[in-house]
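Would you mind keeping the following structure in view while I ask a few things?
Here the chain labels run A, B, C and D in written order, and each chain numbers its own residues starting at 1.
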Amino acid sequence: MGTDHVARLTSRISGARVVVVNDFITEKAEQIAAGIDGCRAVADPLDAIADPQVDAVVLATPGPTHEKQLLACLEHGKPVLCEKPLTTDVATSLEIVKREAELGKRLIQVGFMRRFDHEYAQLKSLLDSGDLGRALVLHCVHRNPAVPPSFDSAMVVRDSLVHEVDVTRFLFDEEVTSIQIIAPSANPAAPEGLADPQIAILRTASGRHVDVELFVTTGVAYEVRTEVVAEKGSAMIGLDVGLIRSHSGGIRGGRITPGFRERFGQAYDTEFQRWVDAVHSGGNVDGPSAWDGYAAAAVCAAGVESLNSGLPVEVTMVDRASIPGA
Amino acid sequence: MGTDHVARLTSRISGARVVVVNDFITEKAEQIAAGIDGCRAVADPLDAIADPQVDAVVLATPGPTHEKQLLACLEHGKPVLCEKPLTTDVATSLEIVKREAELGKRLIQVGFMRRFDHEYAQLKSLLDSGDLGRALVLHCVHRNPAVPPSFDSAMVVRDSLVHEVDVTRFLFDEEVTSIQIIAPSANPAAPEGLADPQIAILRTASGRHVDVELFVTTGVAYEVRTEVVAEKGSAMIGLDVGLIRSHSGGIRGGRITPGFRERFGQAYDTEFQRWVDAVHSGGNVDGPSAWDGYAAAAVCAAGVESLNSGLPVEVTMVDRASIPGA
Amino acid sequence: MGTDHVARLTSRISGARVVVVNDFITEKAEQIAAGIDGCRAVADPLDAIADPQVDAVVLATPGPTHEKQLLACLEHGKPVLCEKPLTTDVATSLEIVKREAELGKRLIQVGFMRRFDHEYAQLKSLLDSGDLGRALVLHCVHRNPAVPPSFDSAMVVRDSLVHEVDVTRFLFDEEVTSIQIIAPSANPAAPEGLADPQIAILRTASGRHVDVELFVTTGVAYEVRTEVVAEKGSAMIGLDVGLIRSHSGGIRGGRITPGFRERFGQAYDTEFQRWVDAVHSGGNVDGPSAWDGYAAAAVCAAGVESLNSGLPVEVTMVDRASIPGA
Amino acid sequence: MGTDHVARLTSRISGARVVVVNDFITEKAEQIAAGIDGCRAVADPLDAIADPQVDAVVLATPGPTHEKQLLACLEHGKPVLCEKPLTTDVATSLEIVKREAELGKRLIQVGFMRRFDHEYAQLKSLLDSGDLGRALVLHCVHRNPAVPPSFDSAMVVRDSLVHEVDVTRFLFDEEVTSIQIIAPSANPAAPEGLADPQIAILRTASGRHVDVELFVTTGVAYEVRTEVVAEKGSAMIGLDVGLIRSHSGGIRGGRITPGFRERFGQAYDTEFQRWVDAVHSGGNVDGPSAWDGYAAAAVCAAGVESLNSGLPVEVTMVDRASIPGA
């Protein structure tokens, strides 16, 4: 993702320059830096964050390093766009929320890029318009053609479901209060031991129902579909196929996006452009916040617990009002 | 439905004549009979069944009368097409199954008409072809624009969900073993006291997952959608709109079927034509059986229990092998 | 088609019995008759028509025999459902129109079954409702996967285009006044000498434009699509795919109907049921008339002329008002 | 469009700065320049082009001024992205082609933005892949909800059809050799005297057929649809609706893009980003060329002639090979 984001900043986004690159593998950082005018590789991520030439930071580093790096960004007062997860556990995520709140200025944006996707934005705007009345139910489908061999059952919750948790909170403007993970009999094509598919059942504070099909070894394509069922109608995104073709086998249809890059490329670009614009304007960044990262982490932690127990689990979160500024 | 079926038999189906009509309201039966050449109204339903001119019986009478009428059909050895439910409780449904099994000849067909719908038949045939590999998950949506004022929360389970239970058993060729009904916060437009929407979570004998959205006060149209997610792809029916129109409001789309008559008219016609053909051929009828009616009743009874308790409920059914001939 | 229609009348349509069958190949007729209770084969088609047991006639005989057989039906006063073409040339078609008009009773219905297709009926009804305002343009696509080796360029006009001509007259309620056939460079996969695809450009009496793509060697499926563009919106039929499937190649789509039987099976059934009902009622049949057959023939004759010359050709037709009763 | 492009260059495109703005209305240019860091308004367009700070030029000026401004760009050796038309007549367009060819370096790109639209690019790539075999026929639909009062019948050809001419040449990689404009009876809602809709019939050098529905007073939305019919299947773009909604009127569908900005916003952005990248790289720009502008103008000129005469008109163009470097 780091390489993707460097390419985005240097060749598709207006108003930003990549001046410092850091990577755990120094040679890689140097190689990337060499390809960009006026860009240097810096060996230590904290030095990179502290670098006086650096106005703002993009974190696409491994999750376990986020806590320390985010704290460094806060310390230096630098806006940071942090790929999810915020941190790897709920407690440290909450700690980050508190530290930022103490600063009295929003510096952290979490990389929930779907909020910037045209279709999700359209769906959100339809809900906010009131035309559909009260939203009642959300159906989500999240399918990947394949996952790396190291992918385990809990990662389905933490890495895939986390997006749907944020979508739920984004569309419904409220917290998720309980979660249950159902593991039906597994796909014969899934690696031994991987619970796949999984079904997540969420309930929100006001009692709305959300169900999510998570299926990461479909062998088909990257399919993300979201349907809101509301008082005065329903709306669905993600069935979209641009080019409709009639094939010699007598099939009429279109190509589904093969991966997340194709499906959410526009969302990433828009996310970055708006973030760069916000940084330039000197105001607060206004994308998904540290709190959004914390809340998603809390729901996913409860989800992993449910995956193990098979029972519904209440989501444990602090009261947002107890942290002034969060 | 009775009037519908009379019209079907007299004007769209080949090979059948309506010779006797019975209705609780005698005048109605007489009025219908008067419109059909060689047809008489008979005041008592059991007399109608026993009538020597009657070769086969269609029951579109109220559920509570089914038990006695079905037993009469069995006694007279007459094939009977019985609108769902088989009977109004699980115990009497089982009793009917046993009585028919003792006869050693299938006489009862239950009116689960969806099995005769072109789209469901296509989906079943796709699953049976093996092209999708093992079926893993089933998502169902069942939406009605409105229900009569007398419709209560349990009727959502017994009258709407029952069709999805049969669809599950038809598509997956196995029994449903547990069911949970989730009642999210209700549609503000639903009548006071009606739990609507409801979400049903089913699990089958081999561990497959089924979820069903039941929503009977949508104000939109009659929307029935079914998606099977399988090892090698997925398939969905029910998104279909024949005529696509571009409207002056800048909307492109099509009319959704307003009611079940429009959606399943073809299914009813095909169901009746095949049943009439089977009766003529002298062989057994081969549509949904008394056992299918019993199994659906058992699942729905567990569903109503879950609706009340909010917890998952195991479905209690006898072992089919314990009833030779069932 | 004859065999299809016999099956239709005996097993899917209410109110008709097949009592006499005739075929050029006597054995075939006898074989079919043998399978139907109370049905005889009759060697001479005119004897079959004259048979006192025969109340109404279905002609699925070769076009060149139609003239004589239709005249026989008129002579005996028997309603006849005649597969297109009415006759094989414009002059004899007109003669048939005149003879029937002299009788003062409509007996002839021409087998333009699309008028009975649910989608075409819906489109016609939308146009008649006035919701779309004045219809301005019609785009038609008519694609066959393959044609028999004997199919020649003029047959594309006479056998395929003829349906679109009738659709035009049906939807727009006016005559076609000129036609031009454009033959672009041919499909390499088409047989040597077959002009395929062909594009037909029609103009109606009030100046509306119709274009038709005729392509009979697509190798894909049977695709019939019709779009009306009107003052207040547009409407399209024929894009319909019932079951939507996600395939392992990353394609989402559905099966297109392989042939006309699958696409228009419902239309044929409805056409026959209504015709049988009309015959029973003793009133006039009200489907496509001899005049509709004559008009389509006149347009197609001009089309064949244009195919040869490459130029637009005016359609020559008598004034309908000059034939009282037509 | 000028304002759109300034916004694009300053806030969505990487690698470009707007340093000089010119507009016929000086105040407007000054106002725009005032909003951009380091940007000046220059009163004379030729001074703006000559300005040493200007590396490359975007022409969104009225068509009649293009000739002189393009020649100035060529003279100063500056790459120029020129909104269509290249010039307002065929002769001067050809003159521009020749002048650029003499330079031996491509400096001119014409603003046929559709070539950069994801869907058109996907369609082109599908054709180039050979999967569809030989392309045979192209159906285009170009609908606008409304046009300004000054819009006349020839402008439908010059301003709307011109895009479809370029799409034809882009997809088929060959010239258009003849064109006929058919003017059916007009939309009652169209202004008096405006021939709308119009149907354009094109033929290409190798004998392919193209038809285009041009309809600029639909009152509906901006609908651009393109279907290629080929030897081994067909493919269509433009039916796309992202968010599918079920409305209370029983309609399921999605919003069609209201205008060209919504439909082709991505195409304009991509067009500009690639052009800026090409200018930076110092190589030749590789988008649609002056020749593409000349060819489109030649076809449209023949189209206007056909609109007046009602007859097919051969397109007159010089042989490209006669202009070395073109």
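We take it that a residue touches a chain if its C-beta (ideal position, glycine included) is under 8 Å from a C-beta of that chain, and two chains touch if they have at least 3 such contacts.
Just so it is clear, the structure is predicted and the values come from calculations on it, not from any experiment.
Comparing the CA-atom centres of all chains against that of chain A, the greatest distance is found for C.
Chain pairs B-D and A-B differ in how many C-beta pairs are in contact, and the one with more is A-B.
Averaged Cα coordinates give chain A a centre that lies 38 Å from the centre of chain D.
As a whole-number value, the distance joining the C-alpha centres of chain B and chain D reads 57 Å.
Here the CA centre of chain A is 43 Å from the CA centre of chain B. Under the contact definition stated at the top, the residues of chain B that touch 2 or more other chains are 218-220, 232-234, 239, 241, 244-248.
By the touch rule above, chain A contacts chain C in their complex via residues 145, 218-221, 223, 239, 241, 244-248, 250-256, 258. Of all the residues in chain B, the ones that touch chain C in their complex are 9-15, 118-119, 122-123, 126, 232-237, 239-248, 266, 273, 277.
Within the complex formed with chain A, the chain B residues making contact are 133-134, 136-137, 139, 141, 143, 182, 184-185, 187-189, 197, 199, 201, 203, 206-209, 211, 213, 215, 218-220, 229, 231-234, 239.
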